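So, here's a batch of structures to check.
Below, chain A partners chain B and then partners chain C, in two separate complexes.
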Partner chain A sequence: MENDLGIFFSLISNTLEYWWVIVPATILGIVVGAIPGFSAANTIIILLPLTLSIGPEAGMIFMVAIYTSSRLGAGIPAVLVNIPGTAGAAATPLDGYPMSKRGEGQKALSISFTSSVLGGLLTTILALILIPWLSQVAYYLHSVEMIVVMLFGISLIATISSQDTLKGLIAGLFGLMIGYIGADVVYEIPRGTFGFLELYDKVPLVPALVGLFAISEAFVVIDRKMVANQSVKDSKMMHSWKQTFNGIKITLIRWKHVIWTSIIGLIIGVIPGAGAAIASFVAYQQSKNFSKTPELYGTGHPEGLIAPESSNNGVTSGTLIPLLIIGVPGGATAAIMAVVLEYHGVQFGPDIFETNPMLGYGPFVAMGITYIILGFLIMPLTRYFSNVLLIPTKYIAPLIIVFTLVGSFVPRAYVFDIYVAIIFGIIGYIARKTGYHVAAILIGVILGPMLENFFLRALRISQGDLTTLFSSSLGNTLWILLIISLFVPGLKKYFSRQK
Partner chain B sequence: MNKFKRRQFLHYSTALAAGSIIGSIPSIAFGSNFPNRKIQAYIPTRAGGGADRNFRAFSGVWSKHLGIKFEPKFYPGASGRVGYETYMDKASDDCHDLIFGNMGPEVLNWVVKKPTFDLNAYKYFIQVDADPGSIFISTKSKMKTVEDVIAEGKKRTLTVATSRLAHPASLGILVLAQKTGMKINLIPLSGGKNTRNGVLTGETDLGVLPSTTVMKRKGLNVIGLFDEKNVLKNKMPNAILVNTEYKLGLPPLPAGARAFGIKTSAIEKHPDRFKKLISSAKKVFSDEAYKKAVVKSKAPLEFISEGYEKECKAYVENITKVGQEYRSLLSG
Partner chain C sequence: MDVFMSFKSKITRKEKKNVLPDLIIPSLALIFTLYYLTTITEAPWIAQASAIVVGSLLILLIFIFFIKTFFMVRKEKEIISFSNLTIDKPTSFKRLTLLVLTLCFTMFLELLGFTLSAIIFLFFSIILLSSIKNWKNALMISVSCSLIGYFIFIYIFNTQFPRGAFENFVERIEDGK
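== the complex of A and B ==
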């Protein structure tokens, strides 16, 4: 035990020696996370020559710090201007943005950062303790089980549309239809591409995200003088340290909520091919289902902001576990990290924790330290970030459009993607003006292809036998949990009426 | 003074313009200044994959002999179709724009579904590697050898993970199944990483991929190669030579056979430039720096395969012939 503690403290001290890597990477991560299109994965690819030249330990710490802080950074535009920095933050504006519109942007950011830091820190510690068990999750979750996990996420469409079920379902189905555009995963036959080669590899996600949220939002806010509904004077008066501390307090009171939603993120992060988007949708959906005040979700409810932010930060540590133990990356960024480590000759496997603790446990220690640095670095900035809300919309709307159009071009460098973003912007604007929820459309666009992929794979493995969907014990347990989660709100309503 | 300056400017600029026009005539006529801009390589797969790795190793040294840098442009999607269609549509035919792909899966793709462009409108002319297709299983699997796999496949249908249906490795296992009577169900998992994961996590019984992507992976065991020799016996000690062992009657069809291609119109318009591309590429294979680059990229030196128009043409003809024979199986 003493020996273990000794190794642990020596790891912390070794990692802290790389402060010159962690601090700039953390700042860079916040910036790239906050700009739609500039994800951690893109940034690490761009900086690959630098990462490869600084050695495996420093390289890993650099990548982990960028990855961790970009996840948190993606929440900033989501909360302030209804623009998720990445797909993983797509559920964040559902309650974060209504708070900003009320003039509580600073408080909302504080809740977002506190839940991100706490959720990330907690799951990093849990990951360190549970590595041997969590690494086995990927062995049990195959296509059949993944179909149910996807349905957990897609059921959020029904939750979002609770105020107008028909419109919500239409929006969700429209999103799913868009999600199926592209070549199918088995025979690679193009569907609904209108002859555009650029759509063979599915509708590009970043332009769709940017269009539906950012561009349509820019069109909408231009009608108002400011993003926030309050006058400039009122908003300025509200900006104080009190709001920041209030946000921290609100999150700390809901510590249980932070714990269980971040654990959802950790588990989903371990599954290869799942990722932060599905984690945040599932966490939001479950958070609402089991909340005492589900009717407040979507109106700027703190729990609706805590759930996606805790869970998408929980994903960060989860995604590294299968990479280090079985060489299977949990997500795109982890896959790039694998390339860098393989370049340095690192052999993945359970023995990495004994043969090279700095590379085995080091990433988790670096992640924990990054979260602590983030906590101290970013909290004082909430006040200044939230000043974005005071910029008149006649300036901020064109800026949003220009920045996000550049962001939509970055991932694939296709001019075509800029047009896709504009088309989705128009779709989003019409949806907003006619009462259809853009988040429901986006859920379909993101999760539709993933669901189709797992569904076709399961059918192919079973040679077309649909009963395969109910062929595994774990899958059946998940089906039951899905049905329970769908009926919980109705049952709760029924019992409250009985009382 | 001002007038004089203006006149001087006019004289000089006219002389400069005339000079540049005259100066450009020999380059148009003889191609002596080729290449005069970066060589753009269209790569029909994602950045960071096997093609990217091979491209960087080769082009890094080739640029030294050609005297100009290479710029990769990645166009992934639909098993390479996006990259090829984009190349045929947008690339210039002045020998500055090349395509770098994996001949096997991409030519098989055309066998299954013809592209929109004429297949004779481009040709491969520099092959850089030959990586045999492999059969691999999880180290946790009850089956340990190809013989075990065949025996099990006669009792039940085995699920076989593959990168895509139209792939030389898929072709190999389909021919093996047909010759031995085992039942298999190919599961395309879109890319090497997903295919390895499918086998590692136990979702499929076995997998087929080019051997480089699986030979060093923990938890995986390469048990068979679709080739005539195992040049990496130390890295794949359990791999038997399936083609000869089971008399598959297949010509050597490496699952990884990366090569540079070019528009045939570029060759017709600029034969001198084309010659320069080939002569400079030949120097790469004999350059020690290339071997170092390959080692650095973690690819085995044994899989370097120097090939030109003739070798590439033979490979394309072979794989097209076998692909047409098994077309119905490849298209599901």
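== the complex of A and C ==
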């Protein structure tokens, strides 16, 4: 025990020596997280030459600090202008944006940051303690279970985020079909590529994210003169600490809510591919289901903001667990981290915690330190972030288009990817205007290739027998839960009508 | 009786939702799925299976949606009409022009590089969304934001943003050529 504590404190002191990496990365993470389309993954890709040149430990700490702080930064545009900075913040505007429209932008940001910091810090500590046990979850999920988990994720988003479940399911499955574009990984047969060589390597995710969220929003936002209406503008002019402290108080009162929704994030984060977007929607739905006031969700209810923010920050530590233990990245950012660590010759596996604790436990310690820095740094800045609302749309819409479109060019340096972003922007615009949730399409695009790989593996093992999808007890349990989740909203509506 | 009549007239006057725009995404999804399925005919069964399962499910849901819409229209709760599309003409013009400007920005990006393309795009877009009277502000914001973008992403972080005349010129000055 004493030995463990000794290692823990030496890890903290070693990590603190990298303050010169953590502090600028934290500030940068907040800024890039707040720019729609400039996700942590994108920023890490942009700064790859820098990350590769500073050694594995400093590089990993740098990436973790950007990843963690961008998660908080992504909540800023989600709350203030209804554009999630990253897909993980897609559930944040559901209650954050209505609060902003009521003139409570500073309070909403304060709730968002407090729940993010508390949720993130708690799950980081939990992850450090539970690493040996949590890693077991991933071992139970084989191809069949992963197929059900992914379809479960899509169906949850369809039922949660859309007013119309049918529209939500169509959007999610359409996204999956788009995600299937590209050359087959085993047989290398091009599918659905329209003859474009650039699509052989699947649909690029960054342009899809930029198009569906940022470009479509830029085209929607020009309907209004200002991002917010006049009354909000008036309230923004009165910078007071009252709303900020009120937001902190509201979150602290709901500490139990922060704990269980962040744990949802941690568990979902461990499942490769599930990620922050699914975690935030699952936490939102569960929060709504167990709430005494479910009718307030979607109208600017604090609990509806706490749930997605605590859970998507819970994912940040969860997503590193499968990466470090079995070498399977939990999401896009973790995949980039894997590339950087592999470049430095780091071997993943349970041994990493024994042979190189700074790389095994270090990222979690760095994450915890980043959250503590964020707690002190972001709160005084909260009130100033509200000023984003005062930018007239005639300026903000073109700026969003320029910087996010060029951001979609960065990962592969193809102008083609900018056209992909524009096409996704048009699809996203139509989807927004007609009630199809863009997050469901995006999650489909992200999960499509992974779902296909798991299908391929499962069918190769069963020699093409589709009944293999119902061959596992855990998988069957998940199938039943999936079906229940599809019918629960309809049954709830039916019974409420009967009453 | 009067109350009943006025209530009835309110119902008849109540605008029915035109669901034509709602059919765009399912139609796109249907066309794309059918196209996709034609491209996998040569693949072995295990490589086709996931697309066939997901694609069939999607087609089924789209047909359910079409049937649901058909019955709603038949019950006169919704309408499908090309003439009744509520389009705000000035905003639609702005949106379409902004899309054309965006396409032009993308086309000229490789030729002019990030900074010059961004200045031109931002200047014309801001004028489009405000008015020609705002040209001074438009010029100031487009030049300053593009230069800030250049400074952060190209000059400091050396990211692979598209480079053109301006970026090459600054590089040459730096190299002392």
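Some observations on this one:
Here is the rule we use: the second predicted complex is superposed on the first by the 312 of 499 C-alpha atoms of A that agree within 3 Å, B and C clash if a C-alpha of one lies under 4 Å from a C-alpha of the other, contacts with A are read in each partner's own complex, and residues count from 1 in each chain.
Here, a contact is a pair of C-beta atoms (placed from the backbone, for glycine too) under 8 Å apart; a residue touches a chain by one contact, two chains touch by 3 or more.
The model shown is predicted, which means the values in this text are computed figures rather than measured ones.
Look at A:142: by the touch rule set out above, it reaches chain B but stays clear of chain C. Shared-chain residue A:460: touches chain B and chain C both. In the superposition on chain A, contact is made by A:197 with chain B only, not with chain C.
By the touch criterion defined above, A:17 lies against neither chain B nor chain C after alignment on the C-alpha atoms of chain A.
When the shared chain is aligned, chain B and chain C each come close enough to touch A:186.
Looking at the shared chain after the overlay, A:174 reaches chain C, while chain B stays out of its contact range. The larger set of touched chain A residues comes from C, when the choice is between chain B and chain C.
By the touch criterion stated above, A:219 is placed in contact with chain C alone, chain B being left untouched. Touch criterion not met for A:295: it reaches neither chain B nor chain C. The residues of chain A shared by its contacts with chain B and with chain C are 186-187, 189-190, 460.
The residues of chain A lying in touch with chain B in their complex are 45, 138-139, 142-143, 183, 185-190, 197-198, 200-201, 272-273, 326-329, 335-336, 339, 342-343, 347-349, 453, 457, 460-461, 463. Against chain C, in their complex, chain A makes its touches with residues 46-47, 49-50, 166-167, 169-171, 173-174, 176-178, 180-181, 184, 186-187, 189-193, 215, 219, 222-223, 392-395, 397-399, 401-403, 405-406, 409-410, 413, 415, 418-419, 422, 426-427, 430-431, 433-436, 451-452, 455-456, 459-460, 464, 466. Residues 21-22, 24-26, 28-29, 32-33, 35-36, 39-40, 42-47, 49-51, 53-55, 57-58, 61-62, 64-65, 68, 88, 91, 94-95, 98-99, 102-103, 105-106, 109-110, 114, 118, 121-122, 125-126, 129-130, 134, 141, 145-146, 149, 153, 157-162 of chain C are the ones that touch chain A when the two sit in their complex.
Against chain A, the residues of chain B that register as touching in their complex are 47-48, 76-79, 81-82, 85-86, 89, 109, 113, 157, 159, 164-165, 185, 187-190, 193-194, 196-197, 200-204, 217-219, 298, 331-332.
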